[in-house]
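What follows is a pair of complexes built around subunit A, which joins subunit B in one and subunit C in the other.
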Partner chain A sequence: MQITKTIKKLVSEGKADRVFGWKKGELGFDTEPALFTEDFDSVVYNSLCGANLCKYMINETKKDGTVLLLLKPCDSRGLQLLTKEHRVRREKIYALGVPCRGKIDVDKISDKGIKGMIDIQENGDTLTVVTLYGEQTVPRQDVLYEKCLSCVGKEHVGCDEVLSPELSEDTTVNDRFAGVTALEEKNPEARFAFWRSQLSKCIRCNACRNVCPACSCVKCIFDNPSSGMDSKANADDFEENLYHIIRSFHVCGRCTDCGECSRVCPEKIPLHLLNRKYIKDIHKLYGDGDEAALLTFTKDDAEPSVVYERGEGHA
Partner chain B sequence: MPMNENGEFTPLIVAFCCNWCSYAGADLAGSGRLAYPAEVKIIRVPCSCRVNPTFILRAFQKGADGVILAGCHPGDCHYSTGNYYTRRRMTLLFSMLEYLGIEKERTRVEWISAAEGAKFAATMNDFAAKIHELGECKRLEDLRCK
Partner chain C sequence: MRKLSSDRMSELFERLDSLCPLYLPGEKDGAVSFVRYEQGVDYAVGALNTVRSAKDFFFPQVENIAAFRMTGKKIEILENQNGNEPFVVFGVRACDAASFSLLDQVFLSEPVDPYYRDRREAGTVITVACGEPDTSCFCTAFGIDPAEPKGDISVWLTDGFLYWQPRTDKGENLTENLTDILEECDGGEIKSYQDTIKTIANQLPLANLNLSYWENTDEKEIFASPVWDEIYKGCLGCGLCTFVCPTCQCYDVRDFDCGETVRKFRCWDSCMYSDFTRMAHGNPRKTQKERFRQRFMHKLKYFPENNGGLVSCVGCGRCVRSCPQGLNIVKTARRVSDD
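So, the complex of A and B:
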């Protein structure tokens, strides 16, 4: 495997002394983030490596030595953000960009009624799913993560080296903001009903916060017992809304739209729709500059009444 | 629903007022004997940009039916640039609240200077009338905060 070869070469050249990548998961076909100090042959990189590894670097770069980090294009934007905000020590990371053709959502395969999965093999644009009851083929495009269907782009940013970028494939089929626009066109009652049905599923596991590259405060309001917001509400079924409103506001203007929040959500809440709403508004009102929108201003910014002036079903 | 002795709905309206302009504007409205509804509860803040988005949400959680934020006119901030940040923050926050299904009339930002007592009273009258029309806001209420 070319990645393993490159990793071994870089480590032997002294570019890094350990590797952060993916290893085989418990189910045999899935993968999970892992740190390797030896046995680089067990580094796995395939279409099931959906996890974004950049957040692990906050703790990893506090240790001695340099870590070789495998980054997909969306992860590289996360690392760029963490670097910009001084959350990681970039000089302790050797960032190796790896190509991405979109990642596979195992849940989507299960949703097709395929049970008892043992292995998933990839041949071009089809997947062969080996199950206890025989083999089945699935078109690859059908089972990609939602986040991959509205990918921001396959360009790596800020990597030390990018491995075979020509293998990356554009997987975008949806307009990034289509989901946001569809919701905006509804009336307030329908929007509220939608968000109520979604956010009331929240179990407050904090996975969306823990995985988010933008959500990396040392002290977090949602860990503070005196905020009254540190744990699951037990009084009503729709009280986690504040958690999600505040969390999306905290990453507003900094979100890299990597889609990890929705990917890790055990309840499948479309959290990216909150972040994308902010991104859409920022693009529309303040342009898409590099600087975080809330850290700057211009003297002729739009007034808050633009919200007020928009009619029902504004786009 | 909170009612007065005549059986009319009495909303809870929270007004965050900047110390240097709008709070003085409220004073001027008072000394000029301009009437505005007693349902408006003023919270004085050093600058409109002191208002963290959580303040607005917490007001709704505690049962506010409308939240209005009043500050110095852009360019007149006592701290030079505070209200420019407020403007961006609140535009995005209110847009998000509207997106989540909170009626957009329940949130407002107004720029009211210390000399604009009449504008203060008129704004509060107008805002309170809107909230009376909309009725109670239950959508962001949180029993944990009460």
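So, the complex of A and C:
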């Protein structure tokens, strides 16, 4: 495997002394984020490595030495954000970009009624799913994560080295903002009902917050007993709505649209739609440059009245 | 044993719901949970397990305990507990049904938890055998039989028929009201269906989980295992595994300030959270490693030691399926024991 070879070479050259990557899980179709200090042969990288590892760097770079971090193109945007916001010590990371052609959502395979999955084998654009009840084939494209269906781009940003970039593919099939547009076209009552219904499923497990590369507060207001806002459960039927509204506003203008929030939600709440609404509006009002529009002042910034006017109909 | 033609299931649900409120697994916005039955709600017959477990019926995520109103210097105590009307829950799986016995150990031993007890008394549990156990299932590792689920009434859904077996007085009483639609039959009819389930269950990759290391090793030795230093690394510190787990039973008691009144409520807590076990002196578990270790030590070591060897897991596989980073109890139990 080329990745293993590269890792061993980089470690032997002293570029890093440990590796943050993925390792095989307990079943034939799961992987887990893991730190390797030796046994680099057990690093795996395949279509089941959906997890974004960049946020682990907040803790990892507090330690001595340099960590070699594996990054998919969308993950590299997360590391860029954490670097810009001084949440990680970038000099303690050797960022190795790895190619990506979309990652597989095992739940989507189950949703097709396939049970008893033992293993997933990949042959080009077709997956062979081995189950207790026999083998089935599934088109790869049908079971990619939602985040991959509107890929934020196949180019890595800010990596020290990118492996085989020619193998990366943009797996976009949907207009990135199609889901947002569909919601904007609803009347306010229907839109409100949509979010009330979706958010009422929330169990306050905080997985969306804990996985989010933009949610990097040292102490989150919802965990802080002195804030008056900390809560482990929804004490009334608007509290989970409040939680998600505050969280999404806090990452507004900083979200890299990596789609981890929706990937991890056990209740399948389409949280990415909140973030994409803000991204769409920011693009419209301030342009889609790389600068964080809401953190940057320019003299020709839109006046509030202009913002209101340009944003009309999308309130 | 009794039976009913499968195409008359909605008739059965109507009848049950007319006796007392009925809850069953139904899909809501892409996720399956227990929902209140009403016309138009489809029983999610193909779903193996709901996202949240059935413990919610007896130990809900949030429940009121009391409220207080301040008027000048006078404090008035207000009763605001939710009522305990009888209810029926249909479609509980063998694993979740087994979790109730574990929760009973906690809430029904002295001092008895009256809120839990009242709900246990009010609820009638109808379990459904698992026709197609999934890869993440490992209930058989804990002696649970997915072909013979416990509960007040057990149900088997074969091709064409629903088979019905009351197991308790509560189950018998409910059945009395349904004798006109449930016809008596010979129990032998489900034998081959059960055999198929057992054959599948024996092939499940996690079902051979072996906990003999955990049983036979001193807790201090397990606690000090160097494996903990590595295995927690991927853990996000979210509370997902604890909130979907049918046997997690830790809770917090909180006050909700409503201005003139204060509402005291109980809510689930998670050992993964940073302020869990926070006390006046601070927090004894400061790092995620310690929190992660606590969760599994509790389930696999401390709970069995305090409850006659009962392991606090029923193999429902929710943590296997839901953990965003692919961590779970099987992986942890095996790695710590070097299995």
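Quick note on the criterion: the second predicted complex is superposed on the first by the 284 of 315 C-alpha atoms of A that agree within 3 Å, B and C clash if a C-alpha of one lies under 4 Å from a C-alpha of the other, contacts with A are read in each partner's own complex, and residues count from 1 in each chain.
In this text, a contact is a pair of C-beta atoms (placed from the backbone, for glycine too) under 8 Å apart; a residue touches a chain by one contact, two chains touch by 3 or more.
Predicted model only: the values in this text are computed from it and were never measured.
Student: Output check: A:303 vs subunit B and subunit C. Expected answer is one of first, second, both, neither. What do you get?
Tutor: So A:303 only meets subunit B here.
Student: Just subunit B (first), just subunit C (second), both, or neither: which does A:252 touch?
Tutor: It touches subunit B, and subunit C stays clear.
Student: After superposition on the shared chain, which partner residues are touched by A:230: those of subunit B (first), subunit C (second), both, or neither?
Tutor: Only subunit C is touched by A:230; subunit B is not.
Student: Could you tell me if A:281 is touching subunit B, subunit C, both of them or neither one (first, second, both, neither)?
Tutor: first
Student: Quick one: is A:188 in contact with subunit B, with subunit C, with both, or with neither? Answer first, second, both or neither.
Tutor: It touches subunit B, and subunit C stays clear.
Student: Regarding the shared-chain residue A:101, is it in contact with subunit B (first), subunit C (second), both, or neither?
Tutor: So A:101 meets neither subunit B nor subunit C here.
Student: Tell me which partner A:205 touches in the superposition: subunit B (first), subunit C (second), both or neither.
Tutor: second
Student: Now for A:31: first (subunit B), second (subunit C), both, or neither, which partner does it touch?
Tutor: Only subunit C; A:31 stays clear of subunit B.
Student: Touching subunit B and also subunit C: which subunit A residues?
Tutor: Comparing the two interfaces on subunit A, one with subunit B and one with subunit C, the shared residues are 233, 235-236.
Student: Which positions of subunit B touch subunit A when the two form their complex?
Tutor: 53-54, 57, 61, 74-75, 81, 84-85, 87-105, 107-109, 139-140, 142-145
Student: Write out the stretch or stretches of subunit A touching subunit C in their complex.
Tutor: 25-27, 30-35, 51, 56, 107, 110, 113, 115-118, 131-133, 197-198, 201, 203-207, 209-211, 223, 225, 230-236, 260, 263-264, 266-269
Student: Report the residues of subunit A in contact with subunit B in the complex, numbered from low to high.
Tutor: The contact residues of subunit A facing subunit B are 180, 183-184, 188-196, 221, 228-229, 233, 235-236, 239, 241-242, 245-246, 248-249, 252, 274, 277-278, 281-282, 285-286, 293-294, 297-299, 301-308, 310.
Student: Within the complex, which stretch of subunit C touches subunit A?
Tutor: The touching residues are 28-31, 33, 46, 48, 51-52, 61-62, 132-136, 200, 203-206, 230, 233-234, 236-240, 242-244, 252, 254, 256, 263, 265, 267-270, 273-275, 278, 320-322, 324-328, 330-331, 334.
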